[in-house]
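Read through the structures below before going on.
What follows is a pair of complexes built around subunit A, which joins subunit B in one and subunit C in the other.
Moving on to the complex of A and B:
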């Protein structure tokens, strides 16, 4: 028999291609940057995301850690805001809960049927763009932070206040 | 058109988890009656059995004699035994099993596709034909909306394997049946081939939506589903098994032919139905590869036996 261990060289090649493309072309409207934290580990990236305009997140810069599995892009990566972000679809530890980071068989919060899922044709860029639109429009159907969901639904003003205050704090204002 | 129901996918844990909260789980021992277990516990026990079987099995295996398959049914369904005997009567001697991971159709088909090139009397011509076909599929994949960057890694793995039939690797070896099996047993190569097959299938459907739309529906609800959504959910996603539509689309995309033998235990007289998938005009005396279907799963049916090590009739 042969070895059936997972060799991650193709994952590495794909990550390098994605990184090269992101650096060469930049992100649409310069909304984010992303790349490996260190050259010695291509499987851990940091992304910096600008808070989208006309949302409570405007003006903020949010750092997230992306952790890639050795069989990427067959399996999706994980995304975690560090520090955690106050948002209905972000767990209190910062982990992002979004359908595009889950395969169709994997349904942690019963996403809507038509929501976009992970498949090897997705990419870092596509996922982060989805996360940016998630920041602007939370999906209460698949909430991760229940308190935040409630607040968003019942007391939008307070939700906006907390988000804005956290951004000011982050900026040291 | 008839449609096969997907039953390979296990029930989602979420479907039973709410039961867990109501009835207290029972401690499981040898004496525990099945009826004492909560549905969640039964689900877990079943899953662990399935996972164990699945994990130990190679992605695709060496040929074993058909008699081994027969032995599995001897104590059970006699209609299956009859159908297996019928296949043996047609000259099928062996079965090449694939892992039941939802990718079995794509893996079986890709394996037989490359195996045919390997056994072709004119290998150079067969390789050139396949290469030019795959090359011309790139514009279709782009038209379907897949980025070149995303497609290339998967494409390269398939094309390199096919090229290796005639072009030696740096270590001097060209592809042999046993190296082909090795490649398809290595998780990475094998799964990359599967993904490329899925992308071809998807692109075929996405770029010709009028042809396929009438046959696309949600396998769970039976409702119509638009081509893009169908492809995202049931074609591109790794582990989602193929139905008639995907099989038709892939044979067309590869311009290849296969026959599928339906071993379903439903035949009164023990006969087995063969369904032909024709992606190209069949040549005279052509013997397309045969996949063996059992509810929810595809393996490869072989005329050669394990000892002969060949699949040629």
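Moving on to the complex of A and C:
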């Protein structure tokens, strides 16, 4: 791991800067925390996100794994909820589908504007804030979990019930 | 690797106290940094939209997309203009930074001491309000040391001094803006009489009628057309052309080595590629893809280097060393494989662990639906990976002992 980090020094330095700023400033309203899982590998982070208020996700705490490429920030990182989250824009394996994490080259849903895509000036903080607003307002145009999309559209009550139940289960209540 | 020490070695705006206690310092430090790499601009360049980045950072980005990463306004690589004033500001700030940081921490200390026992402060109390005046007293005595005085003050005071405080840091910001204006204004206008186009290879301006011979020549005969272009301008606006000459004299930048043109690699034979590399004394080993990547990277770092001030520039040999280091990182994965048996031996434990994990997964698959619920329950594995590895190592030690 050491050799890897000395090699991609731009990516490593940028990640350390981001981590330092997140620890120094904290996140807005303390909505999330994020940092490397272990000291030996700065390219794998874990984020803990609080469910936003006035949404079915309120009260939950969601863990996500962030995996950074060696040419970060030219390429975006990947974000995966572990355990997976029941949400229209989260694949069943937990991978988050959000335009800010897509490069202009790849467009799995054909519904995204180039202006919403990844650019090297984005950051972990900005992406997670986008994900938090995505939790509150799912984007049905670019659904990742089709069953969940349908449920959200046709039977909102059931959707809310499932989300709340999964949160209770996760918290061990 | 010690994370705390590593983080300390990284400098960033949060080294300074927040905006309340040291107005402007964080934003000043932030304004001088590239939004791509997060460090002070290295060879700062400005785009037509006014945003600025390190020359190398933006060139790397522009290999993927020709636009501004901040506002996404289209911008070709040829529109980059170096930002000399910004570079000077950074040089000054990086040399002042350690002193400013020290002053800030001194100020913090004296304030905490003062707050701990206010009686020890020499009371310059002239008017009624004792506390405010005492801190202001120290404030004025320190004013001899330049702008950085108004950092750490009790909240009540900051309002009083707000008339003075923001000025000094902001002055630099204003200068910043001027720089951008200067740079965007000198964008070349199109020639209305004899249309000038940007060569898709070298991105230089060439008369439209000359573009084909220009490209055919490998972007070499653009000087003739450029001269012609200037002559055309002279006919129309003799004064303006003179002004341009003057500018070249002032900055003496145009006398400097020219930027390297991009090449049309698709039509080049390997032999020609090798010759092009040899021209710059670069290694000529590897297959065609490697040669192309090497040449592309060389042009990028060479041109980015020219965006640094002459003093800050690296020598060609230093650039060659950078290139070699960059290639090492690219071929890193290959190196691993080429180590072969030794590598396998060295990482025996990890391989064994991976085999074990794979076997476990296989078993899980065979007992399907049941395991599903357990996997979703799996705790958000924060410390998971390291524990697993550690455990795996123990197992393997046991295994190998059994074998022996």
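Going forward, the second predicted complex is superposed on the first by the 163 of 173 C-alpha atoms of A that agree within 3 Å, B and C clash if a C-alpha of one lies under 4 Å from a C-alpha of the other, contacts with A are read in each partner's own complex, and residues count from 1 in each chain.
Criterion: contacts are C-beta pairs under 8 Å (C-beta built on N, C-alpha and C of every residue); 3 or more make two chains touch, one makes a residue touch a chain.
Quick caveat, the model's predicted, so the values are computed rather than measured.
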Which of the two partners, first being subunit B and second being subunit C, lies in contact with A:56: first, second, both, or neither? neither
Per the contact definition in the header, classify A:14: touching subunit B only (first), subunit C only (second), both, or neither. both
Partner chain(s) touched by A:82 [first = subunit B, second = subunit C, both, neither]: second
First, second, both or neither for A:38, with subunit B first and subunit C second: second
Comparing the two partners subunit B and subunit C, which touches a greater set of residues in subunit A: C
Name the contact category of A:143: first (subunit B only), second (subunit C only), both, or neither. neither
Shared subunit A footprint, subunit B vs subunit C, residue numbers 2-5, 7, 10, 13-14, 17-18, 21, 73-74, 103-105, 114, 119-121
Report the residues of subunit A in contact with subunit C in the complex, numbered from low to high. 2-5, 7-8, 10, 13-14, 16-21, 23-25, 36-40, 46, 48, 63, 70, 73-74, 82-84, 103-105, 114-115, 119-121
Could you please specify the touching residues of subunit B with respect to subunit A in the complex? 9, 12, 14, 58-59, 146-147, 149-154, 157, 182, 185-188, 191-192, 195, 199, 218, 229, 232-234, 236-240
For the subunit A and subunit B complex, residues of the former touching the latter: 1-7, 9-10, 13-14, 17-18, 21, 71, 73-74, 103-105, 107, 110, 113-114, 116-121, 123
Quick one: in the complex, what on subunit C touches subunit A? 1-3, 6-7, 10, 12-14, 35-39, 57, 60-61, 64-65, 69-70, 72, 328-329, 332, 375-378, 380-383, 385-386
